[in-house]
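I am attaching a structure below and will ask some questions about it afterwards.
In order of appearance the chains are A, B and C, and numbering begins at 1 in each one.
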Amino acid sequence: MDERPLRLITSSPLDALARTVEALLVVASAPLPLEDLAAAADDDVERVEAALRLVGERHSEGRSGIVLEHVAGGYAFRASREAAGACSRLFERPVQRSLSQAALETLAIVAYLGPCTRPEITRIRGVAAEATVANLLERGLIAEAGRDDAPGGAIRYRVTPLFERVFGLASLAELPRLDDFEGDAETIRERLHVVAAQRGA
Amino acid sequence: MDERPLRLITSSPLDALARTVEALLVVASAPLPLEDLAAAADDDVERVEAALRLVGERHSEGRSGIVLEHVAGGYAFRASREAAGACSRLFERPVQRSLSQAALETLAIVAYLGPCTRPEITRIRGVAAEATVANLLERGLIAEAGRDDAPGGAIRYRVTPLFERVFGLASLAELPRLDDFEGDAETIRERLHVVAAQRGA
Amino acid sequence: MRVAELELDLEAFEGPLDLLLTLVLKEEIDLAEIDVAGIVLAFIEELLGRDRSENGADECELGESDLEACGEFLVLVSALLELKARLLFDDEAAELAELEPEEAAEELARRLAAYRRTKEAAAWLTSRLEQEQDRFFRLGPAPLRPPVSRPVAPHDPAALAAALRVLATPPQAVSLAHMALRYPPLEQFVQRFRSLLAGRSRFDFENELGELSRVEQAVAFLALLELGRLDEVAIKQAAPFAPIRVERRDTERSSAWTSARSA
């Protein structure tokens, strides 16, 4: 492994900026968007991007226990995967208790269709969503996003940056397209038609 | 500056341990005592101390934006001093935050109805109030105001002087009158509960 | 086929849509032979059971959102029953079977497809979560971070009054709170149809719907199918959307009925 990143960090004009980015990331409470990093570092976005590349080289799997990741619309440090065992002895996983099927279906609906209301979730799943929504709110995986426009409008929910972090998504755009799941609409329709046609056969 | 620390981290038997220590420290939200580090790394205290020296060399002022610090409670990472300006720009952003719909509704309930408990806020809004109440507490807009009369009663919350300043009120008596609501706080409370029940909570 | 015979573990399903989807996609199950009414009722029982265990024995009414979900479900499932019912009709069935499935069935297919996509998206999230099990990151603030100051912008106090008004505005949707009876028991309609047929040999289903709500109509229809399943009545319809005629089963026609069912 070469020592280039380390030497660069101590000698080129980008070094100081890279160290500033490291400092910001190590104290931040949530992933920092590029713009926030640039504003705090009081430098321009292009230079901060270059500094992030240096930081990323220095903090990558196998080189460091600290790994830079692009997640939830920003940049953040996490523990290297090789240290997962040690981490699990000391810390809870962000989603320690496994999520129920109801919770995962509700998350999927809110992630794809959000912001959406509890009645909408109920309608899609065909069962009451109250307890599940309360549970996801408590875990911080969904959050309120205003109310429906109608009078007495229901509260709308969206997924949170924590959701993106837990699922390792740089943004919601990384979710597979909903259409890619659509193959079955035809099957269902066909099956229903088969039922209707059976008598004639 | 020599490259010794980096070479050590990638070649000596202590490297992996040093990376594990880095990983543990970057995930921790409080300083970690030596014993906890050793237990999590599943290694002995002497070796962890040696690994900490490596980590300390790698993460020191001038070399990195991440600095290892030994404080009362154990070891933790902090931002380097040279990045202090950037960090204060990140944390003391002059950007003034506006309040979310959830926050406004919760403040309105507490301001108009007088001290109320989290379960009551939850009932009136139809959504778990935990996160919103915690957020308003942290921002100093509400404060605890004793407990409900019932045995084991829930904590009640009231609005604070900061709340009055934010809304430009000399006192709560200056809250906008609700001409369309007749009667006192109790009447309003009853009406809110009736509507909440209709909403199906 | 009764629910018990299907050996369906209702708890294993997320809801009626999940159950129906499974049944529809499960090739080996012939929908015509499934006691759908039984499944619906069993599911309602199941929901009641869940409610009982969550709220204590005293409260066993369905929650309102449960009720709405089930009410909608019943209307949808009646579309499925409509399809199923056609298989039970004797004379006109062959003609009916060639007709386009109607809108309601189309809506059911659409809803099941939407739910199917939701399930697949949930499965994708599950596998993603498994892959990410070894990614640890800090939850909460850093131990030695600088103190935070998050000033709140000045706000107009009118915003508080507006927020309270939002909370005091009743929802637009018609409340179902007046439906004290919740679900009318299926048995109520079964008995009603039986006593009707005790006095005469046939009646028109539509004439009996009178003032019934949509949900009650759905339950009445389920009761009708139940009587058909029990072989107590013959159900006839001259054309789609024509009046449904219910006749007391007489001995001569029971053999025709049996052969129609097994066809």
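FYI, a contact is a pair of C-beta atoms (placed from the backbone, for glycine too) under 8 Å apart; a residue touches a chain by one contact, two chains touch by 3 or more.
All figures in this text were calculated on a predicted structure; none of them were measured in a lab.
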What is the chain whose Cα centre is as far as it gets from that of chain C? B
Can you figure out the chain closest to the middle, judged by Cα centres? A
Cα-centroid distance, chain B relative to chain C, in whole angstrom: 43
If you average the CA atoms of chain A and of chain B, how many Å lie between those two points? 20
Using Cα averages as centroids, what's the distance between chain A and chain C in whole Å? 34
In chain B, residues with contacts to at least two other chains: 23, 26-28, 77-79, 87, 91, 101, 125, 195, 199
Residues of chain C that touch at least two other chains are 63, 65, 68, 136-142, 144-146, 166, 169-171
So, in the complex, the side of chain C touching chain A is made of residues 14-18, 21, 24-25, 30-32, 47, 54, 63, 65-66, 68-69, 72-73, 80, 83-84, 86-87, 89, 93-94, 96-98, 101, 105-106, 108-126, 128-129, 131-142, 144-146, 166, 169-173, 263
Touching residues on chain C, where the partner in the complex is chain B: 63-65, 68, 136-171, 175, 177
Within their complex, chain B touches chain A through residues 1, 3, 6-7, 9-10, 16, 18-24, 26-28, 32, 36, 39-42, 62-66, 77-80, 82-83, 85-87, 89-91, 100-102, 125-128, 130-132, 195, 199, 201
Which stretch or stretches of chain A touch chain C in the complex? 26-29, 76-79, 81, 83-84, 87-88, 91-95, 99, 101-102, 104-105, 107-109, 111-112, 118-119, 122-131, 147, 150-154, 165-168, 175-176, 178, 181-182, 184-185, 187-189, 191-193, 195-200
